[in-house]
Amino acid sequence: MKKQYISIHLLCATLSATSLSASAANSELHIYNWSDYIAQDTVANFEAESGIKVTYDVYDSNEVLEAKLFAGSSGYDLVFPTARPFADRHIKATIYQPLNKAMLTNLANIDPVIYTSLADIDSGNQYLVPYMWGTTGIGYNVDKVKAILGKDMPLDSWRLVFDPAIVAKLAGCGVSLMDDPTEVFVAARAYLGKNTDDFSKTAITEAADVVSAVLPHIRYFHSSQYINDLANGDSCVAHGYSGDILQARDRAAEAKNAVNIAYAVPAEGAVVWTDVMVIPKDAPNAQAAHQFINYMLRPEVIAPVTNFVSYANANSKATALVDEEIRNDPGIYPQQETRNKLLVLKTPSEKEARAMTRAWTRVKTGK
Amino acid sequence: MQNPDQQFPWLSVDEEPIVRIQNISKVFGTVYAADDVNLDIHRGEFFSLLGASGCGKSTLLRILAGFETPTNGRVFIDGQDVTDVPPYERPVNMMFQSYALFPHMSVQDNIGFGLKQVHLPKSERLQRIDEMLALVQIEKLARRKPHQLSGGQKQRVALARALALHPKILLLDEPLGALDKKLREETQFELVNIQERLGITFIIVTHDQEEAMTMSSRIALMHEGRIEQVDPPRRLYEFPATRYAAAFIGQINLFQGHVISQQDDHVLVHSEDTSSNLMVRDSQPLAMNMEVTVAVRPEKLQVMANQDSDQPNRVSGNIVEIAYLGDVSIYHVQLASGKRIKFTQSNVQALAEQPLTWGQQVVLGWAYESCGVLTR
Amino acid sequence: MQLLYQRGRGLIVAIPWLWLALFFVLPFLFALKISLSEPQLAQPPYLDWIRDVDDGLVTIKINFYTYLLLLEDSLYVDALLSSLKVAAISTLLCVLIGYPMAYAIAKAPDNYRLPLLMLIILPFWTSFLIRVYAWVGILKNNGLLNQLLMGIGVIDQPLEILYTPTAIYIGIVYSYLPFLILPLYATLVRLDPILLEAAADLGCRPWKQFMSVTLPLSMPGLIAGSMLVFIPVMGEFVIPDLLGGPSTLMIGKLLWLEFFSNKDWPLASALAAVLLVVLIVPFLVMRHYESRAAQESE
């Protein structure tokens, strides 16, 4: 569940990649993953070890991946969608193939809590192997926000982006929401203290009204732009992914620009998401895909990835190998108290999802 | 009997010229397109600016129209100094060489364009357009677009458009240049008729001497930005003022020589070309021994019987070439000095007498009043 | 021999038609077909309306509901109107800025024209995406423009330009201006300056000369250029996405949402079909003027 910027070159990629040969030789593996979502040497090491030639393409949004998978014959052997609602839908649409668990000897390394949490969308864990997980919360410029709202105002709350009185004060400094109807509507319902599994027309309207109320004070809706803007001090409060906001924090620290960014999981509840590894039904080389999944399940392979991308992996054996600084960062590996507040997304039906997207478009444009 | 002042307005000192060009110079870079030109053109004239291409005649016309600003000098139209008046405020209209019809307008809209600019009421405008269409006899073409017209038809539309505003002066830049020879000759007379009918002053630029001779009341012959001579066609032909003028208009024989004596009405010039003394009618004062040129048109030369001696000017030589032109023939004769001269003889005459042949020796003579002395 | 020649000619004439059929009509028919089907959660994400039933029977079930939805939900009509508005204003801005530029280049001395045209074309040497993205750096709150304006003391507070409709217009005008200038320049440079002299000679003042001669004669170029701006701007996606705020709803963005976010291929196809119909009208207008111009230049 990551960035969506410059979506256009992905459109072009959509066209070109469909022509990938369906009869790839056994020694070739086509991977399609999020951009910046793997360590720099992970793929090279796999190639050296297995002798398999890897073609590694990247995308910036679940939608782009989804469009390609639904069009069919994507030519990819391994993809990394977000579990809910995407992989859930894809399983229902039967576009994945069940895993051959005999080939996944390292499966036991997976955190059983995370693994079983997927069972409701993937009964018997037939298709999905968890990769990374994170939360969606609020990133903010500590000094500026405290200067505007006062020292006593609690900042771990959705009020920072949804309470019109507060957002109006922060508007000049810059407040952004993600350009993602599901994320925003679920957060808005959490802010209202209402059931976040409800995607009925009324529920969508209630959430939409929350956004409409703060619309004049929102600088933009974007799912990645805030990384730069927070880090540069151009923006004060952003609704965004944990790892992205922590990346902004680190960039600001590196730049020594006196911008101090923090990440908060709102007390009203925040979405926890898991990205998974999965093999499309029409994968030309499922064998190699299994090999790669098993390789990624090794603690010594996945730990450096976490170090590099600032997202927690789903591998309980790997935690000890992760840099101490990252392992102890509550934004990446939240404490139990925080974990209790996390919300697992329910997948809306197709109809509900469309209604949500259209409502979202309407809200954003103020129509 | 007409008053001579009306017939020859340029001879009248009282008449104010409709166009006065005063010390006009126009420099493009380092080239003088007009070099201190002075010219008066009178009401009702059909005036030609004649010259080879690049002589500055078009520049002078464009200065009159207001498209070019002279580097020096003033232009007066009808007594008013218009040197700094923009083209759209001058009481003159121009017919362009390329016709410059507006391709997006019909014939009648082209003709009515100028009338619209002066906000003539619609009914009057339509009436004027009809008059103009009738004048140039293209009533049936009113609704056509320029691309549907032939060259001759375009020429008529251009003329009608330029005349629609009833300008004081009509400027015509090579108006017949794009027409074929036959159509051109017909149109020449038509232009003259229209000019006489409307009484508008026409100033025409042309490189075609025949065209200028046929149509004009007067011709200004231009050369390298200067005016060589301004005269009615007949005078220009009969009495060229300069060697250039003499050579430009028609054919002429030129003999180099120097003045040896001068009487009241004639000069005696000794020419090395003829190895004889030539007697020329002239009354301008000339210095003794002055280098001059004697000019005589080929048709003034007559074949003399050997003993015929009352002509003071006679030369002899051999016929080296004969060009048969139908009505006349041109004979090239080589003199003893090596100089070649031409004479013409009508073929009717040639048949009546003994025909002249190649290599035949002939003696040619001419009257002293049918030649002139050129000092420039 | 004559027959062979005629066949060869027929072949050459057929090529553009073949092109049109292959790359325009055929894809459009595909889209039209999809637009009449039902969405489903499967691969592909729509249910074909012509289906084989077991025993060789074919059922046809056409779904017009999609088109109904386009009318029912004000979102789509709003997006269409908003796109029309953006395209119209952008075209107008391009004309207002581009006409004087094209005119100046056409009137420039011969040896200046080519370099000036090169300056117009030069931006095409970089990727469109990079050029649009660069505007983010210029227009953002602490971007180059605001720094400059605050630096010279014109403003105290940064101007909010990025993510507003203004930014969209800046981006569109910047990106599409050459498409207006080039065809317009081509007609203006062919315009015989003698025609203006003729107009002046007939008493026409400079401004009226422009209005009654230059402007009508440059119409074919102006219209071609305007269409080259208007039509792509109608479906423009990148510029509003990168520079625009959420308040500008455009049909291109909606297409993207329906196709990618909603996987509603029938609706996306229906939207594309409607957009095409809306655009074919100005296209026919352009064709009309083109054929007229061709006639006039004969």
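As written, the chains take the letters A, B and C, and residue 1 is the first residue of each chain.
As a working rule, a contact is a pair of C-beta atoms (placed from the backbone, for glycine too) under 8 Å apart; a residue touches a chain by one contact, two chains touch by 3 or more.
Small disclaimer: the values here were computed from a predicted structure and weren't measured.
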Distance-to-centre winner among chains (Cα means, whole assembly as reference): C
Remotest chain, subunit B as reference, centres from CA atoms: A
Chain centre separation (subunit B, subunit C; CA means) in Å: 59
Separation of mean Cα positions, subunit C and subunit A [Å, integer]: 35
Inter-centroid spacing, subunit B versus subunit A (mean Cα positions, whole Å): 92
Subunit A-touching residues of subunit C, taken from the complex the two chains share: 39, 41-45, 73-75, 78, 82, 129, 133, 140-142, 163, 237-238, 241-242, 245-249, 253-254, 256-264
Interface residues, subunit C side, partner subunit B - complex: 192, 194-195, 197-205, 208, 212-213, 216-217, 295-298
Interface residues, subunit B side, partner subunit C - complex: 65-67, 86-89, 92-94, 96, 98, 100-104, 113-114, 117-118, 145, 147, 161-162, 165
Of all residues in subunit A, those that touch subunit C in their complex: 6-9, 61, 63-64, 66-67, 69-72, 89, 92-95, 174, 179, 181, 215, 218-221, 232, 234, 281, 350, 353-354, 357-358, 361-362, 364-367
